[in-house]
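Going by the order they are written in, the chains are A, B and C; count residues from 1 in each one.
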Amino acid sequence: MSNAVSRLFNSRFGVRLALPAVVAVGAVGTALAYPQVVSASSPTLASKTPAQLIESALRPTGRIYSGTIVETSGLGLPTSFVNQLSGGSASGLSGLLTQALTSGVTANFWTNHASSLRIQVPSTSGEFDLYASAGSVWEWDSTTNTATNLRLPSGTKAVSRARSTASTPPSPSVIADALLSHLPAGATVTVNSPEYVAGQPAYVLNLAPNDPSSLIGGVRIAVDASTGNVLGVWITPRGSSSAAFAVYYSAVSFTAPSSSVFSFSVPSGATVKTLKPGAVMAPVTRGATTAPAVTHKSIGTGFSTVEVVTGLPRRPASSSLMSGLLGSGTKVTTAIGQGTVVTTSVATVFIGNNGTLAFGAVPQSVLLADLGQG
Amino acid sequence: MFLEELGYVLKRRRTLVSFALLAAIPIFLGVVLDIVGSPGGGHGQGPAFFDKVTHNGVFLGFTAVLTAQLIIIPLIVSIAAGDTIAGEATDGKLRYLLSAPVSRTRLLAMKSLVALVYATAAALTVVLVGLIVGSALFPIGPVVTLSGTQISLLDGIWRLLLVGLLAAASTFSIVAVGVFASTLTDSTIGAAAVTFGAVIILSILDGIPQLAHIAPLFLTHYWQTSIDLMRSPVVWSGILKNLLEQAGWMVVFFGAAWARFTTKDVLS
Amino acid sequence: MAELIATSGLSKSYGEKLAVDSVDLSVPEGAVYGFLGPNGSGKTTTIRMLLGLIFPTAGEIELLGHPVPKETTRALVDVGAVVEGPGLYPTLSARRYLQRMSRYGRSERRRALATRAPGDGGQLAPDIDAALEMVGLAKVGNRKVKAYSLGMKQRLSLANALLYPRRVLILDEPTNGMDPQGIVEMRELIIKLAAQGTTVFVSSHILSEIEQLCTHVGVIQHGRLLFQGEIGELRGQLPARLSIGTSDQVAARELLRSRFGLQPSTDDAGLLTMDRASVAIEEIASALVGAGIGLYRLAEDRPTLEEAFVALTGEASDVS
């Protein structure tokens, strides 16, 4: 064998083969190593303190107008739950939600930061779109050839709120803001070496919970060095090196998009559905009116805080999501009654039969113990 | 020499049978849809755009080429590429071609170029026959993109053409692999079988989650991105990755074919 | 005289097997060079190396002054070749086949011709009709090749070599599969081309086929070139023989032995035969007659090429 190899490389063929072989090795190497090289190649940035970074992240100077958001999820949801989810309709929003919870979603978005937002979720066989502008919101699903109009009554507070919400994509900054503005005292905040995120040099904030009872091992937040925009959030479970949940940009643009990307008119031949806001809100409102007063309290501090909500409707919305969740959990008896516990790699949820909901980034034992104290 | 080779290849019976097979795909799809009608429900079953064909004949071209792109076109291209050198080596024709004052590099380049043209013609045949049959059997008009926006008929046909060209470009890596295989053997069938087998194996491996981190290296990995041309705005990143992928495979395998052919003892 | 084909130390091995072993060919311009050897002796391997089809393991080749394989293309502009049987496209007609072949290497031909002074030989356009005429296929030139006999296919291969006026023709077993009539025509054609100034390098395992047309001969066996030179030199390898018939063979034998130191032996016909040595024939004649021995035959037999070949290789030439 080695004889044959040495003959090959002594031969003219072997010599000439060296050229494409080098190219092949180079190409394979580049393709495989590129992500590692890019993440390893650290941009050179002036050092900043955590406080400075948090400050700039909360008050970005430039605005992201378009780009691609990647969401990945490895929460470790119970298999029976996942199966039940994917057993349902795979298209439209609920399909996307399932996908977001179980594996991940990649979406392109455009916004003018005033009145218009467009979200595009491409798939290999089709596309799901959200076109939101000037009070009309269209949901488009190419696989079912269906356009759904979410009609908002004009001139109400809801419209302006919906508009402002609609013009902001669900970006890493939403999550980062929530984390940073309620920065838990029980975390050690450090600044990691800078990285490239979405091609931008970025500072990386690292939040490490001090409380060993928290399921969360660390949170990394990438902050764009030039604009202060949050470019990504990665949540890693304790004892793991890969993120259980991440939202980050893979591409960003800071220039306003052409208005044509926002325009939508129902194509001929499409099925048109209309969803009135009443219909959207109905389950929530009904739940709110029939339930006794809803109360909320927090037990513990920092990353091990457990939120407890009591007084919810006895039988929560009979959606497939909820019944799937209940079916996949373990039945437990706690100090405050019977219920079901569902655990994931970064959070535990208790759904009580008496209308209590408790959740926190802690293991089941801690959650149940906290309930006993409360 | 190029025109001679192109004319020779295109006039072969094997070529005529192959192209008849390619043309049969849109004809078959179109006739079935015309008789049976659009599939009910339209939940994106069947090939891409399959449920839209009866509303707009232009989509027959899309459906046909996106279907043919997966098996038939790679098969036909594998055979054409596997034939380039091995086909001449059978019956001792290669020694006479090389006894003409033609450099091996040029002979290989020209044969490869003809195979690339052949691959392009194969994809465009499906597209054009699809367009013609589609417009004969069904109404045609402005085209609805995957994003739900409407583009003019002309723009739609232009994008159909681009999808066809991308389908062709997606097989350029196959041409390179096939030409290399063709320099290793005197058997067209052997070279074609190895090439097509490699394509099938790669497309199977492409679907295995455990191989996800090396899957982007597979020549089949970005084939389905040509559908991104039908989005509004067009999503170019995947298409560009596909072209880069194809270029990479071409450099490596045409390079290997060159190394092999220019140093090979022609015994047949 | 310039050498149009020259090799030195040309060798080719396949693994452990040495197919061609240090062959030094020398083919002068204007020669008809017969490359003789039994099947499997390395003829075809040598010819393939001359044409750049396979690469030597060692040694140098110059074809028309161009090193091969480095400048194979430039040399081949002026070379027509038939290599080890025809390689044809069954579905093409003879005319179409020649047209296809003429389109290969056309730009290389044009480039080579552009550097030549006008009238310095070579033409860009192939003469398909003339080539078909020369090999006797003009009447069936439009018929598909798959309908041809092996002999006709061989002629078509030769027509391909004759598409242009060539300085060198390299023909590997060109008469393979031909009927006797074809072999005669082939021989006449080679003689005609040689008369026009074409250097012909023709291989064969049948000595008698090329004996009458060659000016030079190379004999190869087991990959080694045993002899190379003008055809007369090959004959000269063996001494001429005398055969003598007299009225008294016993006395004649004694006289030849004592007077001239010859060692006659008696052949089947009762004639005395012996190597000629350096004795003048007329002296033998007058000595025999002077001794009163009746002389009815005194002949000097030049050895045949076949005899020379057998003496050289130890086997008959027509072993296939």
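Keep in mind that, in the parts below, a contact is a pair of C-beta atoms (placed from the backbone, for glycine too) under 8 Å apart; a residue touches a chain by one contact, two chains touch by 3 or more.
Just so it is clear, the structure is predicted and the values come from calculations on it, not from any experiment.
Peer 1: On the document's contact criterion, could you list the chains that touch chain A and likewise touch chain C?
Peer 2: Looking at chain C and chain A together, the chains touching each of them are B.
Peer 1: Which chain is most remote from chain C in terms of Cα centres?
Peer 2: A
Peer 1: Could you say which chain's mean Cα position falls nearest to the mean Cα position of the entire protein shown?
Peer 2: So the chain sitting closest to the middle is B.
Peer 1: Comparing A-B against B-C, which pair counts more contacting C-beta pairs?
Peer 2: Here the pair linked by more C-beta pairs in contact is A-B.
Peer 1: For chain A versus chain C, what separation do you get between their C-alpha means, in angstrom?
Peer 2: One centre to the other, that is 84 Å.
Peer 1: Averaging over Cα atoms per chain, report the distance between chain B and chain C in Å.
Peer 2: 52
Peer 1: Just how far, in Å, is the C-alpha centre of chain B from the one of chain A?
Peer 2: Taking the average C-alpha coordinate of chain A and of chain B, the gap between them is 38 Å.
Peer 1: Touching two or more other chains, which residues of chain B qualify?
Peer 2: Residues 263 of chain B each touch two or more of the other chains.
Peer 1: Of all residues in chain C, which are in touch with two or more distinct other chains?
Peer 2: Residues 55 of chain C each touch two or more of the other chains.
Peer 1: Tell me, which residues of chain A touch at least two other chains?
Peer 2: Residues 12.
Peer 1: Note which residues of chain B are touching chain A in the complex, please.
Peer 2: The touching residues are 42-44, 48, 51-52, 55-56, 142, 144, 146-150, 213-214, 216-217, 224, 227-228, 231-233, 235, 237, 248, 251-256, 258-260, 262-264.
Peer 1: Mind listing the chain A positions that touch chain B in their complex?
Peer 2: 11-13, 15-21, 23-24, 27-28, 31-32, 91, 108, 120, 122, 124-127, 129, 131, 138, 140, 142-145, 147, 251, 260-261, 263-270
Peer 1: What residues on chain C touch chain B, complex-wise?
Peer 2: 48, 51-55, 72-77, 79, 81, 83-91, 100-101, 103-109, 112, 157, 160
Peer 1: What does chain B use to touch chain C in their complex?
Peer 2: The touching residues are 1, 3-4, 8, 12-13, 91-103, 106-107, 263, 265-267.
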